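Read through the structure below, which is laid out as structure tokens, and then see the notes.
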Amino acid sequence: MMSKTNKGRFFEDYRLGDKLQHAVPRTVGAGERALYHALYPARHALYSSDSFAQSCGLSASPLDDLIAFHIVFGKTVPDVSLNAVANLGYAQGRWLSPVWPGDTLRAESEVIGLKQNSNGKTGVVWVRTTGLNQHDTPVLDYVRWVMVRKGDVDAPAPETTVPDLPAALTVDQLQIPQGLDFTNYDFTLAGEMHRWDDYEVGEKIDHVDGVTVEEAEHMMATRLWQNTAKVHFDTSARPDGTRLIYGGHVISMARALSFNGLANAQMIAGLNGGAHANPCLAGDTIRAWSEVLDKAETAAPGVGAIRLRLVATKGGAPFELRDDAGKYRPEVLLDLDYWALMPR
Amino acid sequence: MMSKTNKGRFFEDYRLGDKLQHAVPRTVGAGERALYHALYPARHALYSSDSFAQSCGLSASPLDDLIAFHIVFGKTVPDVSLNAVANLGYAQGRWLSPVWPGDTLRAESEVIGLKQNSNGKTGVVWVRTTGLNQHDTPVLDYVRWVMVRKGDVDAPAPETTVPDLPAALTVDQLQIPQGLDFTNYDFTLAGEMHRWDDYEVGEKIDHVDGVTVEEAEHMMATRLWQNTAKVHFDTSARPDGTRLIYGGHVISMARALSFNGLANAQMIAGLNGGAHANPCLAGDTIRAWSEVLDKAETAAPGVGAIRLRLVATKGGAPFELRDDAGKYRPEVLLDLDYWALMPR
Amino acid sequence: MMSKTNKGRFFEDYRLGDKLQHAVPRTVGAGERALYHALYPARHALYSSDSFAQSCGLSASPLDDLIAFHIVFGKTVPDVSLNAVANLGYAQGRWLSPVWPGDTLRAESEVIGLKQNSNGKTGVVWVRTTGLNQHDTPVLDYVRWVMVRKGDVDAPAPETTVPDLPAALTVDQLQIPQGLDFTNYDFTLAGEMHRWDDYEVGEKIDHVDGVTVEEAEHMMATRLWQNTAKVHFDTSARPDGTRLIYGGHVISMARALSFNGLANAQMIAGLNGGAHANPCLAGDTIRAWSEVLDKAETAAPGVGAIRLRLVATKGGAPFELRDDAGKYRPEVLLDLDYWALMPR
């Protein structure tokens, strides 16, 4: 009689080219949307109002792009990061099709890189994950790499393969949702008058507002994405009895806070990279600031692309990122690099 | 390059007759309804059951009247009360049309009164706010006045205009939802046998039950209404590190608690006035009592109107409202005056 | 003028054969489903995905079987357990028809047993409760017995009637949902490869994961089921100021945790019995283990029935249930006996 519970994969269990079908497809809808608004101060109009989304050429308001990300990410946890020591990075993330209420999402991953660490106890696994809807249409794909423990330290090291990952997507790699048209965009209803042309590369924006986070909130969010990593839920999982907040909770909080100054950065189209610089715990007050990294025109009517650094902090002054040695300052929680779509 | 974040309006930024189009329309539905039931002990049958609502002549169960109020109110915060010192009062609130799942709400306000305070540092702004659905049908309107800081104390005082606001709506000013018919009302399913005729003007009801409130709950509720006032979310926003609970959270809690004794006061039709007497903080246990202020017949079949005082407290004995000097007692949180519709 | 609030029934208010129509019907849907996923780490695929449910012969994903149970149970509280001293047991619970989004549930009960206790101050009331949908189709029935205070200790004792309740349902008493067919069951998407044939009677499974519970979560859950028992919400209701967590919250948490090892025990078909062995409070970390008590074939294609003991704990080692004297160990929260449906 074999053990019935999932112990997760260890580093030696991954092979280059492995295809992982992640479990538990999920139908999403009006409930997940409302909970997203209850858990984060999300106000981007295109994700709040069917009428507004329709005035932008869409059939209805899609679910928040980060709902798609969190659900797809959550599905990968039992197969990719149950024995992970650290979530090292993201790259080449693309939102490929909006997620509509009633859609059913599932996820699959391919192992695209492996590198045993010199300590012989851990290794780095790179996976490219794709989220698909009930029509088998991809809605999202991204590369993620994690440090995973070896179960058997004597298992032989695999041949090292490190995938070639450009620092950022180019604008022609972004997928603009079909029908998106910002030529009749209502800036008053959206909440700010600043259009794509008003932002300059290098400009930094302090989003001002802060939210002090609670245990009940981050656990509800993380469960909603069916993310089962023990450290988020179980006070006995870490030596100090704290529950580590899911990094995606910080992403969503910071993105929602960025409304104040970037209300018109409506849709997330690409994820160039991201680092969870320091742990976030209940009681921390999350603030955010952004920096404009790049701008590009797109072929869609009235739609510009803007590349943003989004930084979340738990204290300190805005616009401070690294110390003199080049390390993230201790109050920095998140350093995210993404492309958004904005009316020109 | 102008600052991109919204600093809110100061007293001198308002002009009599200003029309404010509030941002971020919001589509509401099954998710907001479920969250309302999770956040408040709400049990009024007409808002719980499609079948029950249909037996009362409606096409389905509308969203709770206070969901409409909170969403419309939340939309006004960035334009009306971001720099408010105090929320002074409400008057002349009318529910004009039920809100159905799938409706998209937006809000607009008109400045109808201005009065600079004698200290020269603040002033009172009166606005009449209207919530509208996707068909531009008004669903709610009400008057609210707030004390707002001056940004520039040297800005000249406006001509004083104080709107004439009657103490209460008359019953003929109430809008009865189209089709509402209580002649086949099922008192057993509604949870209490007391009909309109059983209540007497002057009667007081102790609603008995209490709820101890938590930080996660009031923040989720307040975010759900896209209300962004910093004091509700950020422990660094107030000198003592506490988060002030949104007054509307207390209104909804007290209204839900009033089910026990007023289960048949199904629909809120009018808001005559209201005062947030003292602050509410997490850890407080909210209780409620009501007083029948007035009764009136309506033209709708089987439908009576009842005017109620709803008082929320955080301790003390029921039915105690003011001290000998006429001030609200320190344990009183809310003193609300509203019209409800009840089967006769 | 009679008192308007519900004081609940006392022991002497029940008569054998009484039929109780419980108040406040409730329409359930996408919002309740999403909240269930936010409050519990629920991952059974049939309740997560319309596509998966359709591949099992159902028209869509039904609401979790425990949502049906909690809502029906919650409706009975004002009539059955407002003055209860203890919830003594469950028996003969059967899920009779899936609950679909949009269904409206109501509940009725019949008093089937009465026995005054020898102390003369309390008595035991047995009720058979039935949950029905908007078509008056039963969705669930079960027997529950509670110890209830007497309001008047001098009221005469009723004739003692103790219903004959078998220890477990037989498999032919279980209702298999119409159309259910597990012959094309996708074990990969479900999350585990273990089928009915892989489980042996007597086998025990440690579900490994733990969740530390918070006040805001259990109150939101309990309110969502419109359960109004004061001890769950009001810190002044119990002498020590703690809020007792609704036993059903522990049931749902343990059932969700049992996914890890019993991912394919998809549907709950019968509730043979259950005891809430010790109180659960916020801060407790809930874990779960299961024991296979019985197995039986069913007439439905590919569908096996498995009888499981589900034990929830707040500490201690797995598989420890009772002390030497036969009493539940102090760390045991729940001992539940149920039938589930599983692919063969």
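First chain written, first letter: the chains are A, B and C, and each begins at residue 1.
The criterion applied here is as follows: a residue touches a chain if its C-beta (ideal position, glycine included) is under 8 Å from a C-beta of that chain, and two chains touch if they have at least 3 such contacts.
Source: prediction; values computed, not measured.
Engineer: What chains do subunit B and subunit C have as common neighbours?
Structural biologist: For subunit B paired with subunit C, the chains in contact with each are A, in label order.
Engineer: Pick same or different for copies subunit A and subunit B, depending on whether their interface residues overlap by over half.
Structural biologist: Different: fewer than half of the residue numbers at the subunit A-subunit B interface appear in both copies.
Engineer: Using mean CA coordinates as chain centres, what's the subunit A-subunit B distance in Å?
Structural biologist: Measuring from centre to centre gives 36 Å for this pair.
Engineer: Which subunit B residues sit where two or more other chains touch them?
Structural biologist: Within subunit B, residues 29-32, 34-35, 214-217 contact more than one other chain.
Engineer: Help me check something: in the complex, which residues belonging to subunit A touch subunit C?
Structural biologist: 1-2, 4-6, 21, 23-27, 29-32, 34-35, 78, 101-102, 104, 106, 134, 214-217, 219-221, 223-224, 226, 228, 230, 233-237, 243
Engineer: Okay, in this complex, where on subunit B does subunit C touch?
Structural biologist: 29-35, 37-41, 43, 45, 48-52, 61, 188-192, 194, 198-200, 203, 205-212, 214-217, 260-263, 285
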